[in-house]
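Both of the next two complexes hold chain A, though its partner changes from chain B to chain C.
Let's look at the complex of A and B:
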């Protein structure tokens, strides 16, 4: 691990230890925040009991489905927009300001269209994450050095062969940044939507525990979300760094 | 050291008089459509490349040197005129032509070995033959230690060697080089020039080198074509008279200075024109 990595780990451990101390010595009331060790024990019990397994699996499935749709559709739309400069000129300012719109406010529309359940949740998560993939695709395709396109012609490659063997790998580091962002946005979109649009899932379970004053369960599930998000991001980041390192100096 | 012009019978140009590629009245005009702004970039150009010769092109910036290479390689269509390679009119990049560009064109996602093997795998050459030819090209270009490295781990000069090896391995009969050493320092350029000469002797290919460096053109080529300011046409052809067995040490030969001076004499006026100044 790098020096920065150790410092980062130290900061996280110090913050966790400080929270533990504040909770244990009564500076933070037990009814407000649980000590990190209690959260961990609660999560352990939740996982052992298996009572939330169906909710956990449902949330993870919705996150994966939303990410896959956002990545696939976002890449296709990005490639189409990239191929049509006039369309790009028209929509690029809209894409740039997209994240200034609170996408969640559209939830009544999705309830009307899809009803309460996974479909509406996936729709909101896709809406939230797709633009990250579109913009990453545009950046990736822009960054392909023109000399590689000339090289493809010298190798007498057909346009489909060039797309698969040259364009895609050359743009891959930027495309993967889109994949990473799409997953992060999809996770946020699914969990947040479950608070308002669902009768199942981790987000719904956290809201249910909160409404029933079940701090143990609420914090255990919140810790689970943090662990899943961190683990997924670390894994995607490792691939991302590997791809970025192959870019030219 | 064999001196230039000492032994006329060893001159490579003499051994190869048949025409390998021919440009006849070639022009290239950008925006030639009625609506577009016209830019007459090149020509009319008449040029015969003799089989096996090392031909260099020098000219002022923006004179159309790279356009000439693109037209000869089949990467650009001439607006008028005809390009013929090995007796066939050029339409698209023909088989037997290899191009090395100034910019780094190595594939950053492939190892050196996979970069070099790329064209052979595309052509469906069997694995054993691919391995044999790749081993040879990697060894020839001094890349053996770096075969498993990625281009990002190499210097600019090494990456350009990868691109040359990737071209060499396909055994092109005509090699076109568009300022391949333009981004390298002087020492590396001299050494890369030696390797290029070795490659040329070994492959017996015809080579056309586009360069802005007069010393590079003088050192490497049998014949140098001097181009005018835009629209580029050939205003002189200078025979260097070097023997086929030569290397960068000829830069200390008095004849080297004489050839370079003659090139500069022709080019100075054209360079001033391209800068919008007169002599």
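Let's look at the complex of A and C:
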């Protein structure tokens, strides 16, 4: 590990220890925030008892389904928009300001259309994450070096062969950035939707525990979300960095 | 001009899709574009609606102010030193991609039910992207600029005003744009989950009543506001020299 990596680990550990100390010595009331060790114990109990397994699996499944839809559909739409310059000129200002629209406000409409359940949640998560994939696809296809295209012409490659052998590998680093962002947004979309209105899932369980003043469970589940999100995002980020550094070679 | 025409065609197509969905789904699940704007017009003539807008607007303004001041301050502090920047970047990115809704109960427990919890939650969403963009901008100032400043013997204040500020401004503005929209989202989600005032509450209460027209009107109102504000920030971005 690099020197910066060790310092980073130290900073995170020090922050956790500080929170632990503040909670143990009563500077933060027990009813407000639990000590990190208590959160860990609570999470351990939750996982051992297995009472939330169904919710955890449901949330993970919804996140995976929505990011898969967002990545597939976003890539297809991005490739189509890239092929049609006039459409692109019209769509681009919309894409640039898309993330300023609180997409989340449309969740109630999806509930009305699909009912309370996985479908509405997946729809809002896809809506939240698809545009990141579309923009990444556009950037990736733009950044394919012209010399590679010329090489393909020299070798008289057919369009499908060129797409698979030249375009896709050349755009891969940018496409992966899109995958990473889509996953992060899908996670946010799914958990936020479950939180606001839903009958199952981790987000719902946290909201339920909050409404029932069940701090032990709430903090245990929160810790689970934080660990899963950080681990997944860090892993995707590490792969992303590898691919990006390949570009600079 | 042609691009603008294409954009108008696209807007028209979006309305056509909306109208088409309305034709398929029917009155009980969606309202038509025309009916939505008529309802929005009616809402905008009531005093209650502007009370909700004022509540959300006030919380949002404070959240944005905290996000910008805190984010630029934190970003500058961390970006000035290379080690602190490298150390904190992954931590900030991890915090950024965390589903912060899960932490809302903690915010509620710390700040209580009320406007301060909403402001804190909005600022939580907005502050981190502003800090990340500011920090990266400062770390990526070309070393040759700083060497030029040393050759010209600029004082620290001159260095800040004539070299550092113009160099980081575009990036910081991009961060501010993101911070702006995320603060709005944070405030609205805060209102949807636990509040008795504001546009987020208006949407959840309409959801409970099955009042689709109000949900759609408020969503359209917020989208128009967000896109207009974003367009304004993009215009400022284009006006400054890069």
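To be clear about the criterion, the second predicted complex is superposed on the first by the 248 of 249 C-alpha atoms of A that agree within 3 Å, B and C clash if a C-alpha of one lies under 4 Å from a C-alpha of the other, contacts with A are read in each partner's own complex, and residues count from 1 in each chain.
In this text, a contact is a pair of C-beta atoms (placed from the backbone, for glycine too) under 8 Å apart; a residue touches a chain by one contact, two chains touch by 3 or more.
Only a predicted model underlies this, so the values are computations on that prediction, with no experimental measurement involved.
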| item | value |
| --- | --- |
| Contacts of A:108 with chain B and chain C, given as first, second, both or neither | second |
| Chain B versus chain C as contact partner of A:97, first or second or both or neither | second |
| Chain B versus chain C, judged by how many residues of chain A each one touches | C |
| Chain B versus chain C as contact partner of A:207, first or second or both or neither | second |
| Touched partner set for A:229, first chain B, second chain C, both or neither | second |
| Which superposed partner A:72 touches (first chain B, second chain C, both, neither) | neither |
| On chain A, the residue positions that both chain B and chain C contact, one per complex | none |
| Residues on chain B engaged by chain A in the complex (per definition of touch) | 73, 75, 92-93, 95, 97-99, 101, 103-105, 107-110, 118-119, 122, 150-152 |
| Chain C partner contacts - residues on chain A that touch it in the complex | 3-4, 7-8, 11-12, 31-33, 86-87, 89-91, 93-94, 96-97, 99-102, 104-106, 108-109, 111-113, 184, 187-188, 191-192, 195-197, 202-203, 206-207, 210, 218, 221-222, 225-226, 229-230, 233-234, 237 |
| Chain B contact footprint on chain A (complex, rising order) | 145-148, 150-151, 153-157, 161, 165-166, 169-170, 172, 245-249 |
| Residues of chain C touching chain A in the complex | 2-3, 6-7, 9-10, 25, 28-30, 83, 86-88, 90-91, 93-94, 97-106, 108-110, 177-178, 180-181, 184-185, 188-189, 192-193, 203-204, 206-207, 210, 212, 215-216, 218-219, 222-223, 226-227, 229-231, 234 |
